[in-house]
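Inspection log for the structure reproduced underneath, given as structure tokens.
Chain IDs A, B, C and D follow the sequence of writing; residue 1 opens each chain.
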Amino acid sequence: MKVGFIGLGRMGAGMAARLIAAGHEVAVYNRSSDKAKPLVDLGARAHTQVAEVCRGDAVFSMLANDEAVESVVLGPDGVIASLGKTTVHISSSTISVALGEKLAREHQCAGQRFVAAPVFGRPEAAAAGKLFVMAAGAPRAVDACMPLFEAVAQRTFVMSEQPAAANLVKLSGNFLIAAVIETLGEAIALVSKGGVDPERYLELLTSTLFSAPVYKTYGSLIVKREFEPAGFAAALGYKDIRLALAAAETLRVPMPCASLLRDRFLTLLARGGEALDWSAIAQLVAQDAGEGAARVPPPSVPPAA
Amino acid sequence: MKVGFIGLGRMGAGMAARLIAAGHEVAVYNRSSDKAKPLVDLGARAHTQVAEVCRGDAVFSMLANDEAVESVVLGPDGVIASLGKTTVHISSSTISVALGEKLAREHQCAGQRFVAAPVFGRPEAAAAGKLFVMAAGAPRAVDACMPLFEAVAQRTFVMSEQPAAANLVKLSGNFLIAAVIETLGEAIALVSKGGVDPERYLELLTSTLFSAPVYKTYGSLIVKREFEPAGFAAALGYKDIRLALAAAETLRVPMPCASLLRDRFLTLLARGGEALDWSAIAQLVAQDAGEGAARVPPPSVPPAA
Amino acid sequence: MKVGFIGLGRMGAGMAARLIAAGHEVAVYNRSSDKAKPLVDLGARAHTQVAEVCRGDAVFSMLANDEAVESVVLGPDGVIASLGKTTVHISSSTISVALGEKLAREHQCAGQRFVAAPVFGRPEAAAAGKLFVMAAGAPRAVDACMPLFEAVAQRTFVMSEQPAAANLVKLSGNFLIAAVIETLGEAIALVSKGGVDPERYLELLTSTLFSAPVYKTYGSLIVKREFEPAGFAAALGYKDIRLALAAAETLRVPMPCASLLRDRFLTLLARGGEALDWSAIAQLVAQDAGEGAARVPPPSVPPAA
Amino acid sequence: MKVGFIGLGRMGAGMAARLIAAGHEVAVYNRSSDKAKPLVDLGARAHTQVAEVCRGDAVFSMLANDEAVESVVLGPDGVIASLGKTTVHISSSTISVALGEKLAREHQCAGQRFVAAPVFGRPEAAAAGKLFVMAAGAPRAVDACMPLFEAVAQRTFVMSEQPAAANLVKLSGNFLIAAVIETLGEAIALVSKGGVDPERYLELLTSTLFSAPVYKTYGSLIVKREFEPAGFAAALGYKDIRLALAAAETLRVPMPCASLLRDRFLTLLARGGEALDWSAIAQLVAQDAGEGAARVPPPSVPPAA
């Protein structure tokens, strides 16, 4: 198939490379052209206009956040302004449900085909074609994209005919991961202070009831305190929890654990942990349990207002 | 009236002095006899046996916690073992509802008169006879104690015929005070970081909707960061929140704000703040907002398990 | 002074009437002209264009929310487009800090005078000239407005030279009120279930440490369960907690009690309590403690997705 | 080996049967003798005195809670009073860390051998010999019990030389399971209200990042709302969260998620859900999101105090 790709960050670059490897004809666009070079070496054509990658069978967009999507998709000379009548726009970015709904409306008004397809998986999984795709949209459009999803994912789940439902599912998934980090952080702080070796404890958990990748990955980061370099930065984790809570507000679903996570991330950012891995919220638990230098000092001089 | 007094801490000493000043005949008991000296100078008789102060019209006990009450009231040679048939035992200690109920049962089994009469007020209020008494018990017994309450309190509130209800009310009051500290701490952290002078802010609050003593007292401590010396130590505040939650468990009343306060105090204790004033939990709010040295460090070496 | 007034809801109408009563020359504007009638009867002139009330010494705007302010102040033919060079715009609406900052910037760019002056007080207080004004802005502009504030308020507090600081203070105040409702709700649920008469309990609290208007007003509503008609609707309380949290996010101040309140209001709205008084969140506490029909049913049929 | 077994509830009966099946010589004790019958049919000898099952190589106790252990192990004619000098007492009950420490002390004072060996797994896993054992105690004593653990468990993890550490680990594990229930409940309420089919959603989660047994088991119960009959009753879940929090208090580890779970269970119990499966806390999330009959009523008559 002829497919465009917009957004060559670590995730997007891996996905585009997989599409090329699967034999698709790939045209890439990125604001900074140096990111296109490695993909050109693999066989992609590079373009400097969004419009030039919006004319094939489909075009992926994999952008950092709502602002980038608003600019590149909704802006002048953006995807909506340029999309071919038969081309499917596949939005893989992790964005707000509100923006997902706006994209769906705008594409519909323009008589265009649109599928939301956010993914689970870290950059290494993208490079290995081992992502999980959560697809939502009109069944025919989703079907048309299946060969492309097969190139990037180990499995594709069709969630709904409403594209924004996939954005909601993606955000809820990141909430669940953050909740695992927090609760593992609490449990590990507890047993460590009680004299149990945290590595052995983690082995117990992940060999028994909690044998899921997310416990292994994040449990190991917490036990080893490897918060740098960030696989997924705290600032991004915070953003996704906020987007989940924003969707929950709209739908009127109180989520007290998500509220607690929001406050954890806010604390982490306030204390300068923005660039650490999001699993560093577990370190806040350890500090609240008295570890490290975070003692309450009797302050001699109040700070100026 | 002839009245005994057991427990000459800062609160008890002030109350006993007021009883003497009001013309009552006061007999005091304290484990460490040096605390009795100033009261003897005021006209009290000092005794070294609990039994010797349990034979008048009434005997107050004002002890630090459940353990002290269990020992001095319920123990061998304690109040219950010694109380005269017509003497009213007035329990002013801040204790658990469960222990309050146990005292009521034991006194009833022994055919003795019993009134719970915990108080609101700091040591200065005790010394000035400006406490508030929350009395509960059989109406006749409560009535009999009124002249004594008038000597120590600016006002007495009769809450119930069940003595332990007064203990519950006292604990709920300390919960409400702690909640004022927490919420003032959050509000002050917010407006301070937003560029508002905290003293002016506090003046606004306490001159308008929040013109209660508790906002003035604790707001001032928070703004000035005067957490030492403790008027009421964090360890005691923590104890009372735990006792409120224990009563709430028994009664099956979820109290999420009280749970949050429990975690705040636990954090304060874990970080070494046990002896600070309980208003120091507001300092944790400020630290979570990024103030002071409590940054999240990228730890070089994980601590040993 | 010659003063315009935009926004004749219950609060605005009361304030405008007080300005007339104090001898100021008042010109009113309201989208629906019937609201102007009673004020015209008192001596005001009514206008149908915003511009016509923006030419005197000052013009108040007292509008329901951010959307109304964006439309009436920032929109075409709005206050900023119309304000006289010497006229002070006094914004008394409860709005987000972000919008407060935007208003300040826009007025500054236009070389106009601007003061934020949100208020504490219910409609009855507005009608009686008993509000509290929190003013912020350039000192000369604030000073110029003082005679007007004196007409509507029992006291005026100058908080900052940055107008948006007053918006922040107002939101923080509503957070503190909501926190009083929640914590009183928890305490009253606890002691009621423990057999204490809630009215007597409330009398104790408000006669002693918690003798502030906010405890009396809301304590009484909670004890009597008078949640209709709403003095301040739950939907508005929810909005203000959200705006306080939004400001706290921008300033990076975690406020766990505010998060808890947000979830309470969200629950109240999800269960259909939008139009009840915001003190109805205390009723949720009582329900969580088992009161009423809110038992957990073993549902026979799961609802459709 | 010759092994005694005390406590023939659903878990204990399954474990004892597995020991018999593995060729061990099993003597059983249960307060109500009818529970011994099926095991006698399998080849066990039944006894009516604790002492008679405390003389072999080892004796298991698998009892419901702290009270039962205090009575059967610590009481007169209990395990400690009866244990042979070379017999190892294996405590598999889920108990408080404080009681675990007390047992260790008492056995040590009596010069007896003691191993704590709580388990993960439901009754079906016990019957199938598929439990996970968390063992802690003196290495020689633990080693001596290995053949017994092999009979009941698919895997045994040696956690510490301090027996009570195994109790702590068990409680922390139940906290982690409850946290999965709560967070799945929140996520499922969110996506369901957003129009996503919850079964498909659960399939997505458990096929990808959350492929652990605990997500499958509890996700399915939540989606199907199968809270009866209880696999593990809410009252027991509540007890274990309380014990985890009690241990956390002693160790001074704030665990805000555990606090939130405590309030959830307390709500469930207050509303009459004591006997439902503990996964029914997820139903509270759905109700807070507006589902079912739990609307906030404007109550006509306040309940009597």
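The working rule: contacts are C-beta pairs under 8 Å (C-beta built on N, C-alpha and C of every residue); 3 or more make two chains touch, one makes a residue touch a chain.
As the structure is a prediction and not an experimental result, all values here were calculated from the model.
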Greatest Cα-centroid separation from chain B: which chain? A
Please tell me whether C-D or B-C has the greater number of C-beta pairs in contact. B-C
Per the C-alpha centroid definition, the whole-Å distance linking chain B and chain C comes out as 36
Report the inter-centroid distance (CA atoms only) between chain C and chain D in whole Å. 51
Could you tell me which residues belong to chain A and also touch two or more other chains? 195-197, 248, 252-256, 260, 263, 267, 270, 288-290
Mind listing the chain C positions that touch chain A in their complex? 242, 248-249, 252-256, 259-260, 262-264, 266-267, 269-270
Touching residues of chain B toward chain C in the complex: what are they? 97, 120, 132, 134, 155, 157, 159-160, 162, 165, 168-169, 172-173, 175-177, 179, 182-184, 186-187, 189-191, 193-197, 200-201, 203-205, 207-215, 244, 247-248, 251-258, 260, 285, 288-290
In their shared complex, at which residues does chain D touch chain C? 192, 195-199, 223-225, 227-228, 263, 267-268, 270-273, 276, 280, 283-284, 287-299, 302-303, 305
